[in-house]
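Consider the two complexes below, in which chain A is the common component and chain B and chain C are the respective partners.
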Partner chain A sequence: MTRVLTLWKHGIKAGLLGGLITVLLSLMGMVEAFSQRQIVSGVLSMDGALLGAAVVFMGYLAAKRTTRAHPLWVLINSVTCGFITGGLLLLLIWVGQNVNLRAVFINASPTLYQLLSFGEGLETAPVLFVAGSLCGLFGGALYLLPGYLRKALTVSLVSVVGAGVLQDLIRPTLAAWEMLAEFAEWVFSSNGLTEQGAAALFILVAAVTLLWSLKGKAVQSGFKSLPATGQRAIQWTAIAILLLILFVLPQIVGLFLSEVLTIVGLYVLLGLGLNIVVGYAGLLDLGYVAFFAIGAYVTAILTSPELGFFSLSFWQALPFAILIGIVFGVMLGIPVLKMRGDYLAIATLGFGEIIRIMVLSDFLKPWLGGAQGIGKIPKASIAGFEFGMPQEIYYLILAGCFLVIFISLRLRDSRLGRAWKAMREDEDVAQAMGINLVATKLLAFGTGAAFSALSGAIFATKLTSVYPHSMNVMISINILCVIIVGGMGSIPGVIVGAAALVGLPELLREFAEYRLLVYGLALVVMMLVRPEGLWPEAVRRREFHEEEPSENNGATSTASASS
Partner chain B sequence: MAILTAKKTTKRFGGLVAVDELDVEIKEKAIHSIIGPNGAGKTTFFNCVTGFYRPEEGEIRLNSHSLAGLMPDQIVRLGIARTYQNIRLFPNLTAIENVLVGLHCRLKANYFGIIANLPSTRKEEKEAAEEGNRLLKFVNLAGKGDLLAKNLPYGEQRRLEIARALASKPKLLLLDEPTAGMNPSETQTMMDFIRHLRDEVGITILLIEHQMRVVMGISETVTVLDYGRKIAEGTPEEIKKNPLVIEAYLGKGSAAETQGVAA
Partner chain C sequence: MLKGWRERFSGTDLVMWLIGAGIVVSIIVGSVATLASGRYAGRHWFDFMIFGLAQGSVYALIAMGYTMVYGVLRMINFAHSEVFMSGPYTAYYVAAAFYRSGFLDSHPFLSLIVIFLVAMATSTLIAYLLERIAYRPLRNAPRLIPLITAIGASFFLQYMFRGLYGPGFQAYPVVKMLEGQWAFWGLRILKFQALVIVAAAVLMFALYAFIQRTRVGKAIRAVSEDKEAAYLMGIDVDKMISTTFIIGGMAAGAAGVLYAIMFKQVHFFMGFIPGIKAFTAAVLGGIGNIPGAMLGGIFLGLIESIGPSLFLDGLGIVAPYQLKDAIAFIMLVMVLIFRPTGIMGERLAVKKA
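Up next, the complex of A and B:
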């Protein structure tokens, strides 16, 4: 009996936890908010996908806790987990219909209960049990399947859900091309994927993933066995295609998406700068937005006729913006040279706030515009071509990103990049290896500040105005999240991180109130599941996922005094 | 001709005198050991030499160059490199990167040269990579350059640390317990290696060591510290017989009865 309980407890525990999660999701109003968006028209809406995914995940976890030695127990536990989750949701409906929960949880509306009970009320109770158990069972089955099948199933399901969630992004893009319009019609209905579209997408992605799992190794080794010139040629072709896509992107995707792309691009610039300071040099800077503000304000002061000091063009002001950014970066660096870790974070946090409060102050209002900010900043233009619309500013930002990526790459693989990384690992030893800490730290702060100021300058000309409230500490935190989620010290990671943490929320505006919640959740999940980030540096990837040889550092301290 | 001279060096931590008016002279191309009970001030002396601590009194000179007031990175450039008692590699850098960091002070590329990727920078990087691989081969780590330092086994980490120190082209190498935690055959290999460094490469070696077999086996001169003071100095044979040394290790009065045990 106890043996049964020890084995069964995993399923029960996971089920209670799953129930708690799903009930919370419901009470917070996420279920109701998500129900508007259909993923597969008439079959699956986003709330169903959310709850289902939660239960499948818990079922998978329950299965994982049970050892692989008992396949039957694995399934029993995952079904138990789903069953209990379904039961707890049912309990929520029952309680909600007898007690007024709305006094505390304003989202506990009759609509919620309708949604949870598939529109039927208490009579459909058994359905919840069955649905929960099926989801749990699916999670357990996922665990038992061989790796390549599990991967294919998850990837294709995620793709279908992703396509459904991002329908407003994909459908107009497809529809803009005449020859694809009919195809778009076939795949998407007015809300969500069509059934045949979802099925086709599922099969396509599953087939590709399966094929890659089976043949990917052969393709990779085939690529490796090519002569160096051949490899180079393929790489350059891939880069050329990528460049071409990036170049025509704003023309294809339209105004709104171009706007989103410009915001992502500005964050990529900021992220790459902070990546040098935090990712390479290991100096935790929480006041990074200060340099963004400096770049934006210097551009505004030098170009805006509103203040009437100067009226330079954007291009004349840009070098000053970057230069003053660097000067401030170094000036902040000097007092914090001796600080490490937490102390450095607090000091830089203070610096960021000082800059924000200064631009907000009434005292400096004649020069910095105070709370009203500075307006009438001219657009940038080259030879009569004005970067006015988001589609045009996109190219300005793209050029900035290329420049910054290029500099980051060069620095990373250099003497200086190695010095930064050595300093991140062990400051004392780095110094004992001949690294001048003062110069190396200041170069990191200066470079980071330069990238950030560039981003700020483009931001100012993009909005044609700057306000103190767009320089708050949340920007610093967001940038830090971008590089943590993307992968510390990884350049593609910053881009992926910015797209995921900045681009996605812009696309899912209707769920904006859950933005911070999802941010927090994403960070916690990332740290648990993929601490190295979405696209880690090649070396770091190895560090986290290779079977490490046994450590025997413990032997160091025991040195015998005589033999 | 002495390569390193310490005169009346004193380092205090509050009321504790860790190194007390120490006079040491290390001859060019010597293998010189510093021994002493735990807490005798050996590592503190190393930290004074490498610029990590500032001694309150006295003077340390490399050849005729005073080290007073210099930062650790400047001292490395003058030609003193070190390893640590408990290995301190850059754990998340690869083996070759660790060695290249050691080469840092011998490279000249500056910020703009790096971004412009000038021919001189390219040439220097290429030579640095070759030198790094040569050093890895020298310490018998050929082919392990791409492994993370922390994933190397213990003995290899010790050797990598030496390779990193050698990368800065030192005239004087300070080894802090290079054979700690090694078995007898590894210890023998390390001893041969140290001798090889001196004989073939011509580097002066100053080492702290607890294994008497190593101390007596390879050093020409031994300095014994106790409570921060030098209590004896001489050839291994002289040190073995010195009653003060035996007392320091085994306690007062034990000199007579334990004569020769330390061997």
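Up next, the complex of A and C:
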């Protein structure tokens, strides 16, 4: 009996946890908000996908915990997990129909119960159990499958969901070309994928993934065995194609997506700047938005006729914005030179807030505009061509990104870049090796501030106005999330991070409300599971994976902590 | 001789001392100008002081959580401000229900106690889960990683409560018993401010006695002194760390209700500013030092309440109250620069950080 219980323990635990997660998702309103978006038209909507994915994941976990047992036990555990999760959801519906939960949880609406019970009410009780158990079983089966099959299944499922979620992006883009319009009609209906489209996509992606896991090694080694010139030619062609795509992108995708691209671009600029401070030099700066604000406000003060001090053009103001950004970066860097780690983080957070409070105050209103901000900032223009529409500003930001990426790349392996990394690893050793800590730190702060000020200046001319409210600590946190999720110290990581954390929420309107929730969760999960980020620097990846074998047990071992 | 002096005193030191001296001079000039102008009478100052004391004791209670967690884990529990928020926000629904049924006015003591208990239970639960789920797996990780996790957890909790309870402000019901004031010698104390000060003082005393007098308190102190040695002495380190979070959560929950009584509203973002202030208080008193955190909190509350009228007004700054948060942050940065060990500091923050 006890043996059975110990075997069953993991399934029950995972089930309770899964139930907690799904109930929380429902009560937070995510289920209802996501129900509007169909993934496969009429079959699967995003709320179903969300809850299903949670249960499948918990089923997978339950199975993983019971590795050493008989496969049958693994499956029994994952089914138990799903069954319990379904039961807890049912409990929520039952409680919700008898008690007015809405007095406390504003999202506990009748619509939610309708959605959870597949539109029927309490009569569908067994269905929830069955659905939960099936999802759990699927998770368990996923665990038992050989690696390449599991990968093919998950990748293709994720891409079907991804295609469904991003339909607003894909469908108009496809429909813009006449020859693809018919294809787009076939794959997408007015909302979500069609059934045949989803099936086709699933099979296609699964086939490609399977093929890659069987033949990928051969292709890679084939590439490696090419002569060096050939390898470089292939790489350069890929880069050239990428550049071409980047260059024509706003012309294809339309106004709204260009706007999204400009926002992502601004975050890439900011992220690359913070990447130098945090990623290269290891100085956790939480007041980074201050330099963004300084760049934006300097541009505004120098160009806006509203204040009437100066009326320079954008291009005349830009060098001043960057220069003053650097000066502030160094000035705020000096006091924190001796601080490390969390103290530095809090002190910089303090600086960021001080600057925001100052800008917001009535005291400096005649110079900085107070809470109303500064308006009427002129657009940038070159030889009569004005960067007004998002499609045009895109090129301005793209140019800025290229410049900053180029500088970052050159700095990375330079003497200064190596000094930063040495400092990141161990300040005392770096100093002993003859690195001038003061100069190195200040250069990191200054460079980061310069990139941020550039981004701020472009932001000011993009919006043609600046407000203190758009310069709050959330932006600092967002940027930090971008580089951590992408991979600290990695340039492609920053771009991937910005696209994932800034671009995706812009595209998913329902998602906007839960953006910071997901950010927070992403940070925690990232730190627990994959601290090196999505696209890590090669060095860091190696660093983190060296410890991997011992880390598996380390999580449960206790008390050997030393500080 | 001269060379030795120059080596010890670098250019950056000079810049920092200049900044510090500038701030001290402007404080003195401002205070003298305000006092000379006689804009505020003695009773005004007394009002400011009582308000500052009430606010400061709330900061002090929150700061205990920061400082104790820093003591045992050497990390800033950035999510402590959300632990603080979760208690009063949950207890709001109890308070509102009591208010609607009239129970709040007929049994004010009993209902206040229930509200406190609910808030403390919620905050304690959140603090415990936070440690269990987010921090425990990271015990041996590099320093930056728990901090980033804490920031993430903070945002997750904020928006979780936003999702659960909604994005708006909720007005905390007013207890009739706490309306009005006591007057003596031409001075006055608002009743709710008196309650906040007394309750916070009682709680702080109880917590301090717990840490100093009981076996568990002794074990916690041992863990914060040296984890490995404590482990060898047979102390369950993980359990003590959990206990620390639980005590910090209880203090934060109680502080949250006091804060809600003072400012009469709750909101999912209400933890951020008091959280940072309380952290400032903890640093001010020397992080890791419990009496230091109490003193730091009260000092910060007083400065924040008196400061704007005392030295900003005298400098001719318009609307000085808008800058009261800036005073707290400037003080934080100044303390970190000039005396990172805090007023009562016993730990070498720079070396261990």
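The working rule: the second predicted complex is superposed on the first by the 543 of 563 C-alpha atoms of A that agree within 3 Å, B and C clash if a C-alpha of one lies under 4 Å from a C-alpha of the other, contacts with A are read in each partner's own complex, and residues count from 1 in each chain.
What we mean here is this: a contact is a pair of C-beta atoms (placed from the backbone, for glycine too) under 8 Å apart; a residue touches a chain by one contact, two chains touch by 3 or more.
If you're wondering where the values come from, they're calculated on a predicted model, not measured in any experiment.
Asks: Considering only touches as defined above, state whether A:Leu115 meets chain B (first), chain C (second), both or neither.
Replies: neither
Asks: Using the touch definition from the top, say if A:Val524 reaches chain B (first), chain C (second), both or neither.
Replies: After superposition on chain A, A:Val524 lies in contact with chain C alone.
Asks: On the A-aligned overlay, A:Gln431 touches which partner chain: chain B = first, chain C = second, or both, or neither?
Replies: After superposing on A, A:Gln431 lies in contact with chain B but is clear of chain C.
Asks: Output check: A:Met30 vs chain B and chain C. Expected answer is one of first, second, both, neither. What do you get?
Replies: A:Met30: touches chain C, not chain B.
Asks: Identify the partner contact of A:Ala419: answer first if only chain B is touched, second if only chain C is, both if each is, neither if none is.
Replies: Once the two structures are laid over each other on A, A:Ala419 reaches chain B alone.
Asks: I'd like to check the shared interface: which positions of chain A are touched by both chain B and chain C across the two complexes?
Replies: In the superposed arrangement, which is not itself an observed complex, chain A uses residues 555, 558-563 for both chain B and chain C.
Asks: Considering only the defined contacts, which chain B positions touch chain A in the complex?
Replies: Per the stated touch rule, the residues are 37-38, 50, 52, 71-73, 76-77, 82, 84-94, 97, 100-102, 104-105, 107, 109, 111, 114-115, 117, 121, 124-125, 128, 148, 150-154, 164, 168, 177, 180-181, 210-213, 249, 262.
Asks: If we count contacts the way the header does, which residues on chain A are in touch with chain B in the complex?
Replies: Listed in rising order, the residues of chain A that touch chain B are 407, 410-411, 413-416, 418-419, 421-422, 425-426, 428-437, 443, 539-540, 542-543, 546, 548-549, 551-553, 555-563.
Asks: Which bits of chain A are touching chain C when the two form their complex?
Replies: 24, 27-30, 103-107, 282, 284, 334-343, 345-347, 349-351, 353-354, 357-358, 360-363, 438, 477, 480-481, 484, 513-514, 516-517, 519-524, 526-528, 531, 554-555, 558-563
Asks: Can you list the chain C residues touching chain A in their complex?
Replies: Touching chain A: residues 10, 12, 15-16, 19, 73-76, 93, 134, 137-141, 143-149, 151-160, 162-166, 227-228, 231, 236-238, 276, 279-280, 283, 317-320, 322-323, 325-326, 329-330, 332-333, 336-337, 340, 349-350, 352-353 of chain C.
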